[in-house]
Structures are given as structure tokens and as C-alpha cells.
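What follows is chain A paired twice: with chain B in the first complex and chain C in the second.
Up next is the complex of A and B:
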């Protein structure tokens, strides 16, 4: 409940136009840069390798069983809708979620938040909300880019370098990806983005002001993020297949 | 100068200075650290950016002017950990001035300027900045009183 209240408060801050002063705009840009842009080369290589290996396995197994026509459906249903968003959020959680948790816990312990409050600077507006907005945009961007690269990889694995099949391929993929499914994927990715930023921030703020409790806060935050990710994944699968 | 006998008396004095709202004065205190991932200039300029929606260019110019006034204009791009005690104090003073409150309360300068003869440094800095703020008050422990009277 406390997490939901905190999330709604940040949403309120995010929807207020005066929030976006030059300082907040700058910190949102920095968050997107550190979370998404800086991680992009490594993440793209990592998602490309996984996509190539899995698509290759799917294509060859399906061929062996004479089920080649099901490969695009499998790529969309398993790789695009489930695995790549999950890998993106795990990547952001391990890379940025842990850093956010540590930074907020240290700010809290070192009285930096108290100093902000004394200067009547709302930490929700200047410190928390930009991290959440940056995190959500980053998870969305990484998921989108990895999905697009997987679709490209799938084309090359299925058809090789024969560009004449591109029309058929895009048509069949468009049929497999109706708008409702795309919106569902976006909604799930936004929830992932919220959980890898909101939970670490809230956990970082919850600890007593003791330096030795900072690692405990990060540990607790990361466990909560992990359970939240699993919960979102299970809920989305249940919603889709039940 | 406000002299306090012990910690509870000092805390009570600070509470009185802060007033009911808690914002009656700008506090320069060891309990009000700088934001460690921001540079000295960003720490000061942030106040104007946040309160008056001042663009970065203008806010940073104001911050740089204040730092120049303290005689520490060269530390603008340094972060908290790279600052000496005197430099950190100068940044905290500039940040307090940016708040434009009626009073600046300097809490335990001995703790913030532990590696220098602080009453002299304090006097010099307050003289440099006298045109930038309206009033100030130093809160210190009574046993430090002789240090203020000592002259080389």
C-alpha cells in the first residue's frame, strides 16, 4: 500500500507541468542516458546473441518436426512477448535498479534529502520522479530495440539474404502482432519499468539512518524487485492464457 | 553570536531560528550536506533553477558570481569529496544565500572549518559576502568563545 501511495504521489508530480524546470529536465536526460544509452551497445549484443541462438533452435527443431509454419508465432509469442521484455528488465534491474537503491539509501543516510527539504526542494520532483520516468523510458526503449533486432534476426535466419520475402514476412508478423498485443506488451513493460525504479527508491528511503544498513537495503530492494518481476510475468501469462 | 552550553541548548536555538515553518532562516550546518553527485556550481544553481525556474545558464552565472565573491571561484566544477573544508563551507554559504531568506544561521562553524583558525576565515568570508545577504547569526558552543577572541 505504501508503495502504491508513493507511486501515485510521483505520478501526481510527473503530471504537474511546473515539475519540468531546467534542473529536472536535465536529470531526466541524465537518467535516460545512464540507464539506456550507455548500456545500449552491451545490451544489443547480448539480446542479438540470445535472439540468434533461440531463433536458430526454433527454426531447426520446427523443421525436424515439420512444423515450420509455427515458427513466426513462436518467435512472437515466446521471444518478443515474454523473453526479451524479461531480459531487458532484468538487465536494467541489475544495472540501474541496484545503483538507484544504493544512491537513494546513501542520500537518506547522509542527510542529503533533509538538506533538500530545508532548501524547499521537493526530492520527489528532483530526485525520485526523474529516476522513475528515466527507468520506464529506458526499459521501454531497450525492449523495443531488442524486439526489432530479434524480428530482423528472425528474417535472416528463416529466409537468409533473400530480400524478396520481406513483404510476406512483414505481413505475417503484422498479423501475429495485433494492436491489442502490442498495447499489452507496452503495458507490461511500463509495469516492469515502474517496479525496477519505484521499489529501489522506496526501499532506499525505508532504512534507519545507519551507514551499515545500506547493503541490507540494496539486498532487500533487489529481492523485492525480483519478486515483483516474477509476479508481473506470471500475471501477464495468466491473463493471456487463462 | 549565540553561545550555547550544550547540545540540547544548541538544537533548541536552531529550532527557534528556523521558526515554526522551519524555513525562517537558511541553515549552514554540518547536518545540511551538499548533494554529492552534483558539482559545487550545480549545488548552488539548483536553488534558483528549482524555485524560480531560472534557466541553467543564468542560474550558473549567479552561482559562479557568489563563488567568486567567496574567493573560491575555481572550485565550481569540483564535487563535495574533492573540496577542502573551507571550500565546502564557501559552497554551503553560497547555497544559503541563494535561498534569499531573512537570516543565515551558521551552526557550529568549528565543525565545518576544523582545519583552519575558523573565526578568522568566517569573518573574512562574511565580509566578502556582506552585500549578498541581509543578516547572519553564528551558533557555537560557549567553550569556543576564547577562539573568537584570539588574534595572531
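Up next is the complex of A and C:
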């Protein structure tokens, strides 16, 4: 509940146009840089390797069972919709979520947040909101890129280097991706992005002001993030298949 | 540092946005959002197994999908199928629509067209949808399949039994091989049929005898000509013994007829192997009989006829 209220407050801040002055823009840029751009090569290699291996297994197993026609459906339904968003959000959670949690917890313990408030500076505007926005954009971008690269890899695994099948392939893939599914994926990814940034910030602010409690806060925050991710995943699956 | 970070983030966001937007627009394009689609109406007794979104396939390729299911004023199921305009050329006035429900996998509506030159399907008319033989009775099908499989198993067992080592078929094949081997031997087909070289030799001998016999008969008839019809011959000096000639000639003719049949049969031997085999035993005895008879006859006649000297004929 407290988390939801906190989230709504940040949303309110984020939706106010005058929030975006050069300082906030700079913090958002930095957040995106550290979360997504810096990690992009590693992340892309990691998601490509997983995609290639899984698609290769799907294709060969399906061929053995004579179910090749279901491979595109499996790639879209399992890899694109479930696994790649999950992997990208775990990646961001472990890389940036933990960092955000530690940073906020240290700022909180060192009374920096109180100092901001004393100086009439809204920490939500200059510290929290940019991190959340940057995190959401990063998770969205990483998921999107990994999904598109997985689709490209799937083409090469299924058809080899024969470009003449590309039209046929994109057409059949497009038939498997109704807009509701795409919007559902975007919504889920935004939720993931919110939970890997909002929960660490909130957890970092919750601890008593003792330095030795910072690791505890990070640990707690990460566990919460993990549960939230699983909850979102289960909820999306239930919603999709009920 | 700041500039570099800003540039990198800008490039990243721009690239991600562009790829995302391009993919999204391409997805919309491929799903036919920028395409004018045509609506065709199909009528079926009921809409069982049909659902909105079910594909309409032509030659195994989806060209449209069911967009709505309603009831017609007559109480029939009215199925509206939307087809992209670029695919509508495959639907003709004589197209047949049928519900294709495979044993495993999703059902689909199949469009078949026999004549692609007939006029295009009209979106305003209603066309019937064949629902085929209805639901598949899978347990009954499985039971039938089981019975057939059982029979197949028995057949396979029998085949395995027949073709086993030292089995009948193998023995037959070995025999056939032996027979064909004999047929390629010295006396050819006859040896194959008669079993051994010796038996074939007997037949050959018989035929040789027959040939000799015909030669003898030929000579005899010439002798007869001379003796009987020459001047001063038998006819001139008609006597009682000449009266014995007609029955003798009759006998000779009968014998010759038998020889003729024998030769015909011998010829038929190669042409008609089966009959040949059936008649072979009889044939051989007949040949022997005919030969002995004819030989007796010839000796008789020779005794009768003057050996080149007509004067020696004793006349009563």
C-alpha cells in the first residue's frame, strides 16, 4: 500500500511537465546510461546466446516429433512473451536495482535526503523519479531489442541464410502477434521496470539510519523485487491463459 | 564525459525507438491494418467448432479469418470471413468452403477452387459451408484402427513364416531356379518340363523317329505311285490282292493322322508349356504306338510291293 502511494506520488511528479528541467534530464540520461547503454553489449550477447540455444532445441525437438509448424508459436509464446522479458528484468534488477537500493539507503542514512528536504528540494523530483523513469525506459528498450534480435536469430535458425523466406517468416510471425499481445507485453515490461526501481528506492528509505543496516536493506529490497517479478509473471500468465 | 554519455544515451534511445516503431508499423502492415479487407458471408447449419479468428486457408496458406458469427434470419449460422483485398483473387464464384477439423490441431475453414478463371466471389452473396462428416468418433476410429493393425500383424506373421529359412516359398524358389537352370541346359524347355536330360533325350529320339518315318512313308508313296499307277502296274493288272489295298491305305492314313497330331503336340510343347506338360505322358505312349504301328504297316506293304520289279508280283 505504502509502495503504491509512493508510486502514485512519483507518477504525479513524472507527469508534471515542469519537472523536466536540465538537472532531472541529466539524471535520467545518467540512469539510462548506467542501466542500459553500458550493459547493452553484455546483455545482447547473453540474450542472443540463450535465444540461439533455446530456438535450436525447439526446432530440432519439434522436427523429431513432426511438430515443426508449432515452433513459431512456441518462440513467440514462450521466448518472446515470457522468458526474454523475465531475463532482461532480472538483469536490470541485479545490475541497477541493487545499486539504486544501496545508493538511496546510503543517502538516507547519511541524511542527504533530509538535507534536500531542508533545502526545499523535492527528492522525488531529483532523486527518485529520474531513476524510475530511466529504469522503465531501460527495461523497455532492453526487452524490445532482445525480442527483436531473438526473432532475427529464429529466422536464421529455422531458414538458414536464405533471405527469400524472410517475407514468409515475418508474415507468419506477424500473424502470431496480435496487438493485444504486444500491448500486454509492453504493459508487463513497464510493470517490471517499475518494480525494479520503485521497490529498491522504497526499501532504501525504510531502514533506520544505521550504516550497518544498508546491506540488510539491499537484501530485503532484492527479495521484494524478486517476489514482485514472480508475482507479475504469474499474474500475466494467468491473465493470458485463463 | 557528459557529452559522450549524452550522445550515447541519445543514440541508444533513438535506435531503440526507431527499431521499435519500425517493427510496430511493420507488424501493423503485416496484420493488414493498412489494407482494405473484404467480407464474405458463409452459411452453415450450425457454428459448432467455428470460432472468431479461425483462419480461412487456401492451398494450406491462411488468406483470411472468421471475423464474426451471427444467426441468419432463417436460423442458420452466419459466418463472416474477412479476407485481405490482395488475397481475394483466390476466391471465385465456384469456390467450395469446408470445415477442416484435423484429429490433432486447430480447425480451419478451407477454400477449394477448381477453376481460377471463373468470376470473383461476390461479397454480397451468401455461400454454403460444408461441415464434412461432423465430429470424429475417436474411440470408434481407434477400435477400427486396432482391428486393422491386428490383421496386419497376422499377415506380417504369416509372411515371416512363409519366408522363413527352409520355408515353402524358399523351396519353391529353389525349385524354380533348378527348373530354369535345366531350361537353359542342352535340351532347353523340354528338359525343364520333362525333368531330366534322359527324358528329354527320349522325346528327341521319338521326334527323330517320326522324321525318319515320314521319310519312309514318302518313299513308300513314291513306290506305290510307280507300282500302282504306272503302265503294267497294279491297276492295270487288277487282282484280288489289290482289293486289300484300300483298308491298308486307310490304316496308313489313320497312322499319318496320329503322327500329324504328334507333331502338332510337339510344336505346341514350346508354345503352350502347361498343356504340353499335361499331355506329355500320353503323347509319348501315342508316339510309340504310332511308330510301331506304322513300322508294321510299312513292313507289310513292303512285303506286298514288288521291290522295283513289277514282274515279281504274284498274281492269282
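What we mean here is this: the second predicted complex is superposed on the first by the 242 of 242 C-alpha atoms of A that agree within 3 Å, B and C clash if a C-alpha of one lies under 4 Å from a C-alpha of the other, contacts with A are read in each partner's own complex, and residues count from 1 in each chain.
Operating definition for what follows: a contact is a pair of C-beta atoms (placed from the backbone, for glycine too) under 8 Å apart; a residue touches a chain by one contact, two chains touch by 3 or more.
This structure is a prediction, so every number in the text was calculated from the model and none was measured.
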item: Fit or clash - chain C, chain B, common chain A; value: fit
item: Which of chain B and chain C A:156 touches, first, second, both or neither; value: neither
item: Chain B, chain C and vertex chain A (Cα centres) - angle in steps of 10°; value: 170
item: First, second, both or neither for A:110, with chain B first and chain C second; value: first
item: Partner chain in contact with A:239 - chain B first, chain C second, else both or neither; value: neither
item: Touched partner set for A:177, first chain B, second chain C, both or neither; value: second
item: Partner chain(s) touched by A:144 [first = chain B, second = chain C, both, neither]; value: second
item: Overlay on shared chain A, then closest C-alpha pair between chain B and chain C (Å); value: 12
item: Residues of chain A at both interfaces, chain B in one complex, chain C in the other; value: 26
item: Touching residues (chain side chain C, partner chain A) in the complex; value: 2, 5-6, 8-9, 12-13, 16, 19-20, 23-24, 26-28, 30-31, 62
item: Contact set on chain A toward chain C in their complex; value: 26, 29-30, 32-33, 36-37, 40, 137, 140-141, 144-145, 148, 170-171, 173-175, 177-179, 182
item: Touch list for chain B against partner chain A, complex; value: 22-23, 26-27, 31-37, 46-47, 49-51, 53-56, 59, 95, 99
item: Interfacial residue positions of chain A with respect to chain B in the complex; value: 18, 21-23, 26, 103, 106-107, 110-112, 114-116, 118-121, 125-126
